[in-house]
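Shown next, in structure tokens, is the structure this report addresses.
Per-chain numbering from 1; labels A, B, C, D and E assigned in written order.
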Amino acid sequence: MTVALAGKDIGPQIEKALPGSVLESAPGYVMLKPEFLVQAATFLKNDPAMAFDYLNFVTAVDYYDYFEAVYQVTSMTHNHTLMFKTRCYNRVDPVIPSIINVWQGADFQEREVYDLLGVYFEGHPNMKRIFLWEGFEGHPLRKDYL
Amino acid sequence: MKLHFGNGLLKGMLVTIKQNLRHPTVTQYPEQRLNTSRRIRGQELVWNKTRCTGCATCAKACHQGAIQIVTATNTENNKYEVETYRVDTGYCIQCGICVEACPYDALFMGARYEKAKYRRAELVENKEQMADSLDRPVSGYFHPERAEKLPVQTLLVEKINEDRSKE
Amino acid sequence: MGLAISFWILAAVAVIAALGVVLLNGVFRSALALVACFLMVAGLYITLSADFLAAVQVLVYVGAISVLIILAIMMTRNVQHGNPGNRFALPSLIIAILLLGIFVYAVTGTQWNISKIAPPDTTVATLADKLFASNGFVLPVEIAALMLLAAVIGAIVLARDK
Amino acid sequence: MALHTEPFILNIGPVHPSTHGVFRIRATLDGEVIVDIEPVFGYLHRGVEKLAEQRTYTGIIPLTDRMDYITSMSNNLAYVLAVEKLAKVKVPERAEYIRVIMAEMQRICNHLVAAGAFINDCGAFFTPFLYMFREREKLMDLFEMVSGQRLTYNYMRVGGVSQDLPAEFLPALRKFLKEMPAHIAEYERLINDNEIFLARSRMIGILPKELAINCGISGPVARASGVKWDLRKADPYGIYDRFEFDIPTGTVGDANDRYTVRIAEMKQSLRIIEQAVEKIPAGPVISDVPKVLHPPVGEAYGHLEGPKGELGFYLVSDGGIAPYRFHVRPPSLINLTALRQMLIGWKIQDAITIFGSIDITMGEVDR
Amino acid sequence: MTELFANPWFHWAFYTVLLISFALGAVMGLIYIERRGMGRMQSRLGPNRTGPFGLLQAVADAVKVLLKEDIVPANADKVVHWLAPIVAFVPVLLIFAVVPFMNGAMLADLNIGILYVFAIGSISSVGIFMAGWSSSNKYSLLGAMRDVASIVSYEIPLVLAIIGVVILAGSLSTNEIVKAQANIPFILLQPLGFIIFFAAACAEINRSPFDLLEADSELVAGFHTEYSGMKFAMFYLVEYAEALAMCAIISTIFLGGWQGPVLPPWLWFLVKTFGMFYVMVWTRTTFPRVRIDQLMALAWKFMLPLALINIVVTAIEVVIWPTPAGLPWVLIIVNFAVAGILIVTWSRLMKYGWGRVETTLR
């Protein structure tokens, strides 16, 4: 059975490795600061106790005030899983660092999030629309999109 | 390590040529029809006028918005009646959720499956067209008591065996 | 009579096709004209009772050589449409005229011996006798084969990557 | 001295017999060798995630049918698992068994399509494809008997399944289980040792283990690369911990491994179904769930080992009748992440084979 | 009657009409065999609606295709596009000139008969790459390039494979070759030659598993992607007429042509030809397609050396046993053994990827 690690336990560990990176350690997830996202992801992947080598999914949710990027990662060696999040409060030009260099699996998913929610992932080598055509106006999954 | 010198090719050829001795898995469709499932969700809805109370649960359950229902009080005999009951089968995706939702067993899936139309307008079915009648067989979807009366489905698993036993 | 007619038709078409190779606008069409020219020459061989030679002409020139030429054309994309002119137009004209002059001079100046012997019935057997019989050309044939083999290996070595 | 030809851009798709739907690969070729590719998606984008935000939790089930139309039953199940996690609904025992039977039947169904289409992409003229579709027809008959439709089943419900199995279902399924091993043996005789097939599929499109994990690739594609990861074992949802089965894995990660893993998985699925049919208890098939569901505020990620890989649904609820956010983790899309690395350097024919061996459905890639 | 046939002009006219009608009629038969035979092997029926047993399906298809609009792509080289089907079709008809239906019943008993077949057959490919090039479609162009590659490669094993037969028969004339098989068909004396010839013939006429140039699943339809209507029908006809010609040639040089007991000679010839075609349908049903470099490898690394060895072995045999009396059992056994040993040895060299393995991931 895959163990869903509680954010409460993991959050302090990340905080210890990268001071100032964790905003909130909820039971279900860890909330990370966007500027520390890539470092934290690298830590989660490379730390032998974590060894989160597999990225389940990346998505984002539009909460009107902010965009929340959600990442679920799994370790195939330890068989545990963790959800971490990050927030972006800029609604006009939301930017979140891309984790494609940590987990390549984020490639199409980050593009999808950009396409449908308009969150720009900085550092992604090919950040353009994936499903809709170039020149499509707006981002359909935003709550204010008609 | 397996040896390969064309024996794999010959083995495959043996399989294909053997098919000539078997019965083909084919139905000559317009003449020869297999019985569909007893629970088939066919291309139409059947509506029972007498049971329907006009509660519009089906219309609320329909996530495609294909069902339109208007109720009104008939002033002549002072009764609450369903004025329009209209289904746009062009929007309908045959999910059967309306049938499941109906609390009075007034709605059924149809059992027929050949319903091609020439015009979009013909896809909209009104009260009279949807009525429960003999030429509109009712499927047993979500109505097990109806399902028992329908013929048993022809299954390919069993059909092949029957044909083999004949040979 | 029939032979003469067919000769003239074949010869005329061959010359037209040869001109087409040079003059046609479009490399691919030139190549096709070349194929037509080869075929006509094969036809000429048949009128000369050299049926084996005709078959080999078609097999080798149409089936292999022109096919390779066309493959090369297909690979070079930018000359696909149109036959680009180049700065060698004038020199090549001069060379062509010179060559033509030499040929005309040689052909008109030669005493052509016409053989009175009837052509052999089965050219294949005669050819085989000439090539492989003990008093034939076995050694040249074998040497030619060896040379071709060397050429093939050389081509492979040249074309190989790394 | 190397001979070079000019690069040549070839558009494979969107309408092409081997793109399994409307997918487009912009390939740059050098002769017949692929130098670069760029996948282009979106020709079948229907905005499922947006549509779902306006539908009730039950009304979304037909939408999931239409995502990966080859594996509707698994999609239903994955979504329903996520909702059950969100709303904390219990499922009756019999329904759990029915779900396992359906999911495994669907897996066989999908692998038949995948393997058949893959061999078709290798150039076999429809023979293995039609043999496999013959057995798929039988499975679809069984699905039709249960749910009333042949492709878009809409069978799973939050808290169980929509209807109990009909009386004639289990005998027919037993008959199928008895016949199927012989049919699988027939496919293996037909194609497994075929020298041309081996030459076309062995050592082609190798996906190394590390790359597979890093790219988030799951399902048979990952297992063919040697990743022994199956959610049925690693995270046994439902009652999968009660069944005995193996996880077939490949060694090299080439196209042939992906094919053989699928064939082996079909056998394992048959094993699971046999055990489930043995043990299936009587009882109700759906627990007492309100018709219009109001899950508590929160979020849940439910996933299962779909036939194509890890199929997950991430749901955010605001307490209303419709999910606030509905996100799909589509295995088909994510399995394509490594496509570029897998295709470059191969010939067009190999590209078609490799693409076919990944097994995607455009309905799920684009959603 | 006989003096009528002695008149060369009548002979010409008669056989020309006969051959054209035979080719067209037999092609219909082949299409029927292909579709029904393949259908049965794929566990279905095949077309059975038009006419009795679906016999008129080919006619219906022909009518449909002839009534269709003829579309020429805007960027096409129109003249070449128009000429291509004709250039492809005429040589195929010419092949039938040397096919003996009965003893001496042929348009022309050329003494280079077999060579003529391959010489003429190679012209047909010119039509194919004319089509591929002039369509100005990338898929067509790729198809045409593959065609060029396969034609150049497979001509060689094709010709080499029959040299064994020619050595045994002592003639290039097709009629003489059939006569030489009075005792025993050459397939028994030349099993290796037959296998190589069959495979090379499949490649030459682009039938599966070597149908790379029209590869449905990769190149959509290859060289005739842009053809429609009448011109497409021509290519369709070429495809089957070539198959018919090759089957006729195989039955002539390996299966004893019109020789056979009880049945009339022309019927034997037809039975063998159609039987051969059924084998082609059978292989098409079963095998996947090879890759282009494997196609080349097969021609150059497998068929060419084997064909050469076959020639040497046959030549030695002819020298050792000049005239076999009755059934030459020793020869048959030796030849089958040689064929088996050679195939097994060579197939070990052709393991994975048939000589070319790419293990590195780029």
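The criterion applied here is as follows: a residue touches a chain if its C-beta (ideal position, glycine included) is under 8 Å from a C-beta of that chain, and two chains touch if they have at least 3 such contacts.
In this text the structure is predicted, and so the values were computed from the model without any measurement.
Novice: I need the common contact partners of chain B and chain E, sorted by label.
Specialist: Touches both chain B and chain E: D.
Novice: If you take the mean of the Cα atoms for each chain, which one ends up farthest from chain D?
Specialist: Here the answer is chain C, farthest from chain D.
Novice: Taking each chain's centre as the mean of its Cα atoms, which chain lies farthest from chain B?
Specialist: Looking at centroid distances, C is the chain farthest away.
Novice: Please list the single chain whose C-alpha centre lies closest to the global protein C-alpha centre.
Specialist: Ranked by how close its C-alpha centre lies to the overall one, first comes D.
Novice: How many angstrom lie between the centres of chain C and chain E, each centre taken as the mean Cα position?
Specialist: One centre to the other, that is 27 Å.
Novice: List the centre-to-centre spacing of chain C and chain D in whole Å, with centres computed as mean CA coordinates.
Specialist: Taking the average C-alpha coordinate of chain C and of chain D, the gap between them is 60 Å.
Novice: Per the centroid of Cα atoms for each chain, what is the distance between chain B and chain D, given in Å?
Specialist: 26
Novice: Which chain E residues sit where two or more other chains touch them?
Specialist: 41-44, 285-287, 347
Novice: Counting only residues that touch at least 2 other chains, which ones in chain B make the list?
Specialist: Touching at least two other chains: 4, 6, 9, 12, 15-16, 25.
Novice: Enumerate the residues of chain C that touch no fewer than two other chains.
Specialist: Chain C, residues with two or more chain partners: 75.
Novice: For the complex, which residues does chain A have touching chain D?
Specialist: 1-2, 28, 53-57, 59, 61-62, 70, 72, 76, 79, 83, 103-109, 112, 116, 129-133, 140-141, 145
Novice: Any idea which chain D residues touch chain A in the complex?
Specialist: 41-42, 45, 47, 49-50, 211, 213-217, 227, 229, 231, 234-236, 241, 299, 301, 303, 310, 312, 314, 316, 324-325, 327, 329, 333-334, 336-338, 366
Novice: Provide the residue numbers of chain E that touch chain B in the complex, in ascending order.
Specialist: Against chain B, chain E makes touches at 39-45, 282-283, 285-287, 343-344, 347-348, 351.
Novice: Could you please specify the touching residues of chain D with respect to chain E in the complex?
Specialist: 8, 10-11, 16-18, 32, 119-127, 130-131, 134, 190-191, 194-200, 202-204, 206-208, 211, 341-342, 344-350, 352
Novice: Applying the document's contact rule, which stretches of chain E touch chain D when the two form their complex?
Specialist: Contacts found on chain E: 38, 41-44, 138-139, 142, 208-209, 211-212, 215-220, 284-294, 347, 350, 352-354, 357-359, 361-362.
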